[in-house]
Amino acid sequence: MEAQTWIAMISIFTAGITIAIGSIGSALGEGRAVASALTSLAQQPDSASTITRTLFVGLAMVESTAIYCFVVSMIVLFANPFWNHFLEAAGG
Amino acid sequence: MEAQTWIAMISIFTAGITIAIGSIGSALGEGRAVASALTSLAQQPDSASTITRTLFVGLAMVESTAIYCFVVSMIVLFANPFWNHFLEAAGG
Amino acid sequence: MEAQTWIAMISIFTAGITIAIGSIGSALGEGRAVASALTSLAQQPDSASTITRTLFVGLAMVESTAIYCFVVSMIVLFANPFWNHFLEAAGG
Amino acid sequence: MEAQTWIAMISIFTAGITIAIGSIGSALGEGRAVASALTSLAQQPDSASTITRTLFVGLAMVESTAIYCFVVSMIVLFANPFWNHFLEAAGG
Amino acid sequence: MEAQTWIAMISIFTAGITIAIGSIGSALGEGRAVASALTSLAQQPDSASTITRTLFVGLAMVESTAIYCFVVSMIVLFANPFWNHFLEAAGG
Amino acid sequence: MEAQTWIAMISIFTAGITIAIGSIGSALGEGRAVASALTSLAQQPDSASTITRTLFVGLAMVESTAIYCFVVSMIVLFANPFWNHFLEAAGG
Amino acid sequence: MEAQTWIAMISIFTAGITIAIGSIGSALGEGRAVASALTSLAQQPDSASTITRTLFVGLAMVESTAIYCFVVSMIVLFANPFWNHFLEAAGG
Amino acid sequence: MEAQTWIAMISIFTAGITIAIGSIGSALGEGRAVASALTSLAQQPDSASTITRTLFVGLAMVESTAIYCFVVSMIVLFANPFWNHFLEAAGG
Amino acid sequence: MEAQTWIAMISIFTAGITIAIGSIGSALGEGRAVASALTSLAQQPDSASTITRTLFVGLAMVESTAIYCFVVSMIVLFANPFWNHFLEAAGG
Amino acid sequence: MEAQTWIAMISIFTAGITIAIGSIGSALGEGRAVASALTSLAQQPDSASTITRTLFVGLAMVESTAIYCFVVSMIVLFANPFWNHFLEAAGG
Amino acid sequence: MEAQTWIAMISIFTAGITIAIGSIGSALGEGRAVASALTSLAQQPDSASTITRTLFVGLAMVESTAIYCFVVSMIVLFANPFWNHFLEAAGG
Amino acid sequence: MEAQTWIAMISIFTAGITIAIGSIGSALGEGRAVASALTSLAQQPDSASTITRTLFVGLAMVESTAIYCFVVSMIVLFANPFWNHFLEAAGG
Amino acid sequence: MEAQTWIAMISIFTAGITIAIGSIGSALGEGRAVASALTSLAQQPDSASTITRTLFVGLAMVESTAIYCFVVSMIVLFANPFWNHFLEAAGG
Amino acid sequence: MEAQTWIAMISIFTAGITIAIGSIGSALGEGRAVASALTSLAQQPDSASTITRTLFVGLAMVESTAIYCFVVSMIVLFANPFWNHFLEAAGG
């Protein structure tokens, strides 16, 4: 096989496995945070505004790690510098 | 085998394994959040509206990680840039 | 072997392993939610309607991740774009 | 080996491993739900009808993930589209 | 080796590994349900009939996942459609 | 090697590994059920007859999954349909 | 290598690994049951006879899964039907 | 294949797997910290300002480990010294 | 290599790995039983004789699974039927 | 391939995997420490200064292990003594 | 390589891995038993003699599984029957 | 490839993986110690000086295991005796 | 490669991996015993002498499993019977 | 490759992996012991001297397992008997 085929294959596989593995920790962490928020709301309904505000900031932080993975996955699929290099090399 | 066969094989396998692995964390995280919501509802029935609203926002956040995986899986199956490149190359 | 055989083999294996792995998290998450619902019902029988309604919404969310996997599995088996491409190529 | 042999081998293995892996999560989730139901029955015998009704709906949801796997396993064994294609190709 | 040997080997291995892996979750789930039933019986002896009835229904549900695996295992050993195809092909 | 050797090797290995893996879940599940029964007996000696009766039914259910594995293991060793086929083929 | 060597090698390895893996679950399950019996004896010394009787029945059930593995291990070492077949074939 | 192809392949795969594995610990650690913050807020609403301030500092520390991984991932994709060396060598 | 070398190699490796894996479960199970016995002794010193008697019976049961592995390990090293067969075959 | 290519490939992969694996423990440890700090702050608001000071020293210690990994990762990427040796050898 | 080299290599590796794996369970089990003994001593100082006597018997039982592994390890290193056979064969 | 290339490759990989794996246990252990220190400070503010002093000694002990790994990692990178030997051999 | 090289390689690797794996269980077991001793000392300072004496005997028992591994590791490095045999064979 | 290269490669890798794996258990065990010491100090400040003395003896015992690994690692790097043998053989 020529170089382009190998680059394409490893890019497809990497794009999938990156977001797949990267979403495990993020989903579990968010699930834990939400579960804790609900328990806290039931225990102290008066602090609902503080709790939900802290929850959303925390969820954003946890979600950020999943978004790092999604960004890398999208770069590998649509803005892959190595793929572009080989395309130019082939087209040059 | 020619290049198209390899790209197709790795795309099919990646599409499946991405959503398969990506759904584990998401399902467990949502299960935990729902379980916590039900316990909280039983403990503090008066805060039902706050609890269910927070639950749905939280579930949406957790579900988003599974949707990232689903999106990548669909891109790999139906809008695969590498596959399209090879199709054009073969058809050109 | 020719290309069609490889595509068929990887499609069959991917279809099976996708739903097999994808159902683990979903089943465990739903089991946890149901268990929590039953404990809550025993603790607060008066909120039965709120608890069961929240449970069903939550189960639907968790089930959705299993359904993503089932959809991908069915696409790979019955609407596989790569397989169709090779069939047309062979029949063309 | 010819194509039919490979398709048959991978189909047999996939059919077995799909239901084997798919039943783990389902059995554990149902075991947890049943255990929780029994504890709740002992704690609140008066709500027996609500608890058992919710339990059966929940068990049906959890069982559904195992049934997805069983359906894919049966499709692979008895209604395998790829196998049928090669049979027709060989018989054509 | 000819095709029949490969089909026979993969069938034997699949039959064993399917029921072996499939019985893990089922046995653990049933053990948990039985343990919970016994604790509930000791706590609320008056509800013995409700508890045992719910237990048996639950055990039947959990056992069903093991039976799915056993059925697939028996199909692979004694009613294997692929094996029959090759036998007919060889005998034809 | 000829076909018989491969069939014999895979049969021996499958027979062993099936009962080995299959006994893990069963033994752990039974250990948990027995442990729970003894705790319940110490807590509520008056319900001894109900507890032991439920325990034995439950142990029988859990043991059944190990017996499925043992049956498959014995079939593979002593009533292996594929082995018999090759013996007849060799003797025919 | 000839067939006898392969059969002997796989038989030796299977005999060892079967009882090795099969004893893990059994030993852990029995350890749990014994631990629970001792706790129960300390809590309710008056029920010592019922507890020890139930314990011995339970241990026998758990031990049975280890014995299944031991039986298969001994069959593979000393009454291996495939080995006997090849011995007869070689001696015939 | 020439050197550039190998370097490109290993760079793509490393970029993906680095951020994927690196985000697991970070997401779980942040989830735990946020969960603990919410519980503390419900327990001691008066210390809300101290708790949230400490939480944000802690989240920043935990996030830093994910950022290390993201930085290495970006370096490997866009500022890879080895890739640049081979490009210059090829262009020189 | 000739057959004797392969049989000797697999025998040595199997003898070691059998007792190594087989001792894990046994040691953990006995450790748990002894720990429980000591806690019970501290809680109910008057039942010391019953507790220690039950402990020794239980330890003997758990130890039996390790002894099964040791027996198989010794058989493989010193009374290996397959090795003896090849020795006789070589000496015959 | 020549030596430089191999050195470059293993350096890229090592740089990524070192910081990826090394950040898991660090992130989990810091998450635990922060969670404990928040619980302590809620329990004893008066000791806030002592708790946060001890927390920061502890976080610095835990972060140091991640920094060791980051340092090694950077050395491998930008100050790799083996790579420099081969560059000089190639340039000499 | 000749037979002696293979036997020596597998013997060295087996001797090491047997005692390495075999010591894990034993050390953990003893650690648990000792930990429980110390807790019991603190709780019931008057039963110190009974507790320490039971502890030593229990430790001896747990240690026995490690000693089985050590014995097999020593046999493989210094009294290896297969090695002796090949030495005699080579010297004969 | 010549010897130097292999030594360089294995040295780079070993340096990375040593500190990566070695930092997991250390970071988790320190995280646990810090968490415990913070809980203790909240519970017994008067013993702050003793607790922090003991904490720092303990952290130093735990950190020492990570430093062992870092030292070996640095030796392998910068003072590798085997690499120096081959350099001298090549230069001699 | 000649025999001596293989023996030397497997000996070096076995020596390292034996003590590495063997120290995991031992260190965890001792950590647990020490932790329990400290808790007991805080709970019952009057029994300090009994507790520390029992602790040291227990630590010695747990340490013994690590020492078994260290002894095997040293034997493999410095008193390896197989290595000596080949040295004599080479020197004879 | 000649013998020296192989010995050097396996020595470098063994030195790294030995201390890396060996430090996991040690760091976790020490972390647990330190955590327990701090909890005990907060609970019983009067026994501070006994607790810290016992802690240091215990830490020394746990650290000893890491030092065994470090010693083996250093022997393999700087006093490797097999390497010295081959150096002498090459220089002789």
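We call the chains A, B, C, D, E, F, G, H, I, J, K, L, M and N, going by the order they appear; numbering starts again at 1 in every chain.
Note that in this section contacts are C-beta pairs under 8 Å (C-beta built on N, C-alpha and C of every residue); 3 or more make two chains touch, one makes a residue touch a chain.
These are the chains along with the protein names UniProt gives them: A, B, C, D, E, F, G, H, I, J, K, L, M, N = ATP synthase subunit c.
All figures in this text were calculated on a predicted structure; none of them were measured in a lab.
**Student:** Which number of steps is the smallest that gets you from chain E (ATP synthase subunit c) over to chain L (ATP synthase subunit c) via touching chains?
**Tutor:** Tracing touching chains, the least step count from chain E (ATP synthase subunit c) to chain L (ATP synthase subunit c) comes to 7.
**Student:** For the homomeric pair chain D (ATP synthase subunit c) and chain E (ATP synthase subunit c), should the interface be classed as same or different, according to whether the shared residue numbers exceed half of all numbers used?
**Tutor:** different
**Student:** Averaging over Cα atoms per chain, report the distance between chain C (ATP synthase subunit c) and chain K (ATP synthase subunit c) in Å.
**Tutor:** It comes to 47 Å between the two C-alpha centres.
**Student:** How big is the gap, in whole Å, between where the Cα atoms of chain K (ATP synthase subunit c) centre and where those of chain M (ATP synthase subunit c) centre?
**Tutor:** 11
**Student:** CA centre of chain B (ATP synthase subunit c) versus CA centre of chain J (ATP synthase subunit c): separation in Å?
**Tutor:** The answer is 30 Å.
**Student:** Touching two or more other chains, which residues of chain I (ATP synthase subunit c) qualify?
**Tutor:** In chain I (ATP synthase subunit c), the residues touching two or more other chains are 11, 13, 15, 17, 19-21, 24-26, 28-33, 35-37, 39, 41, 43, 55, 59, 66, 69, 73.
**Student:** Which category does the touching pattern between chains fall into here: line, ring, star, complete, or other?
**Tutor:** Topology of touching chains reads as a ring, each chain with two neighbours.
**Student:** If you start at chain M (ATP synthase subunit c) and step next to chain N (ATP synthase subunit c), which chains follow, in turn, all the way round the ring?
**Tutor:** M, N, L, J, H, A, B, C, D, E, F, G, I, K
**Student:** Can you list the chain C (ATP synthase subunit c) residues touching chain D (ATP synthase subunit c) in their complex?
**Tutor:** Against chain D (ATP synthase subunit c), chain C (ATP synthase subunit c) makes touches at 1-2, 4-5, 8-9, 11-13, 15-17, 19-21, 23-39, 41-43, 45, 48, 52, 55-56, 59, 63, 66, 69-70, 73, 77-78, 83, 87.
**Student:** Report the residues of chain H (ATP synthase subunit c) in contact with chain J (ATP synthase subunit c) in the complex, numbered from low to high.
**Tutor:** On the chain H (ATP synthase subunit c) side, the touching residues are 3, 6-7, 10-11, 13-15, 17-22, 24-26, 28-33, 35-37, 39-41, 43-44, 46-47, 50-51, 54-55, 57-59, 61-62, 64-66, 68-69, 72-73, 75-76, 80-82, 85-86.
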